[in-house]
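Order as written gives the chain letters A, B, C and D; numbering starts at 1 within each chain.
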């Protein structure tokens, strides 16, 4: 592997994903950050390339009952159930404030039915100038009304893109689910359907028992696993998908450090999303940004683009 | 909740005292100045040596705060609290806070009583410090004599604290709400914190008659209203304990849905 | 859930799996324990219900080149590549010593080709009296010569059992791979094919990058993730399979404590296998056995059978 | 490797000394008696507070052992060693050992030299203690003056230790094998431990002429020959460093395959 040798001036951490340019490859993943403009500014904005909204649905959702979060070894199970105020309220009451921050807004849209997806995208169209990209969440394992199904197969994802791509002309990302059997095939279907980028991937289906009560912790029994525990799994998925498509792929799952970011870039990520680690440290993104910059200087690498895909090795 | 200077800062454990009954008092010092802390507010806390396991910080109510320090009362219940109280003085911690927008606020001219169950005494000690002039009684209910050290410690901070224990082995015999009932004539407002059964008993005894403001607990991820982990069901929908609370008007809360 | 209330006498930790009775539900998983009789005795044997052999193949294998183990957050990636001396040497030189220990021997047989599987089972037949059960490993993600393929689908597993069940009349377990898309379907195929029990499951496919060398850590790039990190995932798989078959299911993946064992029993495991935790603590099984016993006394539960499946709750 | 009484036992850190160059000397005390330890043997080590992250114990060669104690020399290279050396005296540890069947064994009447590179000095200090009567020279090669403290410490244990440094800032200038070559007339046997490039240099210089027994490193899981994680490629197949080594006849080892 040869990383191009450049001058020791400060490296350029900006990246491009399809038609979009972001100041940093570090994106806040969906479901972690408040839709509250006071958190979309210094000191939290330092090093942030973009912020994904909480998963939105056409209509407001109250989310799941019972316990919603449970710690596991180096991980977190969550069963939030897409609590959100709905796309309309988001567009009218929240987005205007968030957009003012200057931080690129990625709208995470949970795909329920095709009809609702179309309706939501039409609503978002009216504010397309405030939206850097729409990220279609075809992965949420907490919802039984179709959310799971779409991302499990190439066919499902093709159907979604068939309608979405017609309505939404802005940047369109698809956030895959690791529960899919053949992730590269699902990724190719998204590419063929016109996605501008893929996010690999979402939480992993797990569960927990509370030994004291002798019952499942979560009312819905299953919940999504995220955090450092899943990093080796997410990296493998990323490696597979990045090797199978030609659109940019964004890594997501368990990223905690500049090493994790570099590992994802080296296997082919164009950027990374960071989720659970923000619960551990609100300032982790600016810390990672700083150490990433230092390491790039040390390596003599001038831009993130010079790292992407340079560490894939050969599979067998 | 103020975030312009950032809520995440480093603090050092400077004092640790075992009070009995699995409860410790812990004091932290910060280099950066802390914003003003209101009664009911809390911090997410964890030593820096927690890298990925344990992964989540733990929420604790502020007992007492200053410009560069904060004090908690911590009951050991699981691996997180066990590890925290095992830390030596000088250990570096993450202190995220002060958090919470729903706090204890006194209204002029209204009579006010405080009722705490067990470790729920923590935020009420802070409330007492701010509003002792308007508080007519403060009942601290505990299970038994194991809590003697904590009760003494609390009594040293709160003049006129009434201690009650379920088995009568400490202070008066009875539950905190029972004792408060005996003590009190009409009370406009009650501030409560403790286990869910106690909150229910308070509501059954005083609901409708008094405004009951209670500090609730819930499992938390972020503490800043981002992750939707900590919600409770209320008349106004699923509200976030960390952001909309932790202090709520109990008449709004579906008590049977509290975990 | 109601656990039957029994007298406070010492609980019975013995369990039965098909036609087999084991003194304890705690089994040492394949690939962790030496084939060295000096480790098949006190103090290591305390609390052990059975020991699975290292994965055996018809012919000796040298295993993989390069780094073979890598620590991850609360987990371990391994790429051993089934290094073993072959079934013949095992039968002649190793098994006699191991069997003498009195600890039930579970022979973990890696399924390569169907022919080799038949040949191996024929060899094992001659020593059937020393073998408590054969555990067919249709899961190993490290081997490209078919090992992966069989366990990925119901058809693959049916083919394997079609031949195996004809040759091997002793107890026959199938150890599934979590990479399969529809684990319950694969489990049912194994049951229909005549398996006496299922093990759910094996390691999860992951990878690692060494940021210093900027290359994949493992020569084969992918490796299997095990250890506490995967427990929530393994528990979910176990829950799904145990709800779909009527033969006993053995839980495996990330078990570290009596709580983990109880969680698996509660969702329906008849026993559990413990692997990686032995690297952390050679005596973990006897410790878990002790705390499990204590907790059963506390709960007033007289036998493991009274716990199995009692904490499943209802899915939706 | 003896396992009848069990290899896994608790030990307490009783002494910790920083020697410079990122190297610490650590001494542990055990309550249970330890079996006799042979030079080259090692322990898998980790504080009890490691629950699941870090998960694996780390291997360290014995520098000195007694019935109820063992001493290691530890260089901080990553998260595990960093955390271990941050432990206070009194911290409780897992100590799995003594491990390894391939050890340093002296044969009567043969001339013997020791050559160490950096932290590889650890097992050779143990070998010296056992066999100083038959060892003609002991060369300790280091990179530079950062190692002065370690070199002094080693010199206090080994009379006649020759220190060499790559840049000449400490002891003689040159690599350890070079210096040994200058020192020595014909040597029957060399015991070596150090980084792979040093082992290769030793083999190039003395291979064929002297029997070279080297203590090798490898990433380990179990330390007892169970998991097959720690293998090295040799003429006799893939052998386990923990069980068949850690000391091997270098002429049997495929040096280019060492990681």
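One rule holds in what follows: contacts are C-beta pairs under 8 Å (C-beta built on N, C-alpha and C of every residue); 3 or more make two chains touch, one makes a residue touch a chain.
For clarity, every value in this text was computed on a predicted model and none was experimentally measured.
Contacts with chain B and chain C are shared by A, D. Here the CA centre of chain C is 35 Å from the CA centre of chain D.
In this assembly, the C-alpha centroid of chain A lies 46 Å from the C-alpha centroid of chain D. Shown for chain B are the residues in touch with two or more other chains, namely 51-53.
Chain C has residues 73-75, 227-229, 256 in contact with two or more other chains. The touch graph of the protein chains shown is complete. Across the complex, chain A meets chain D through its residues 73-74, 228. If you check the complex, the residues on chain A that touch chain C are 1, 3, 72-75, 77, 144, 181, 204-209, 211, 214-216, 220-223, 225, 227-233, 235-236, 239, 254, 256, 259, 262-263, 266-267, 310-316. Considering their complex, residues 31-34, 36, 38-39, 41-44, 54, 62-63, 65-71, 73-76, 78, 80, 83, 227-229, 256, 276, 278-283 of chain A touch chain B. Those residues of chain B that touch chain C in the complex are listed here as 51-53. Only residues 3-8, 46, 50-57, 94, 96, 219-222, 224-231, 233, 237-238, 243, 257, 259 of chain D touch chain C when the two sit together in their complex.
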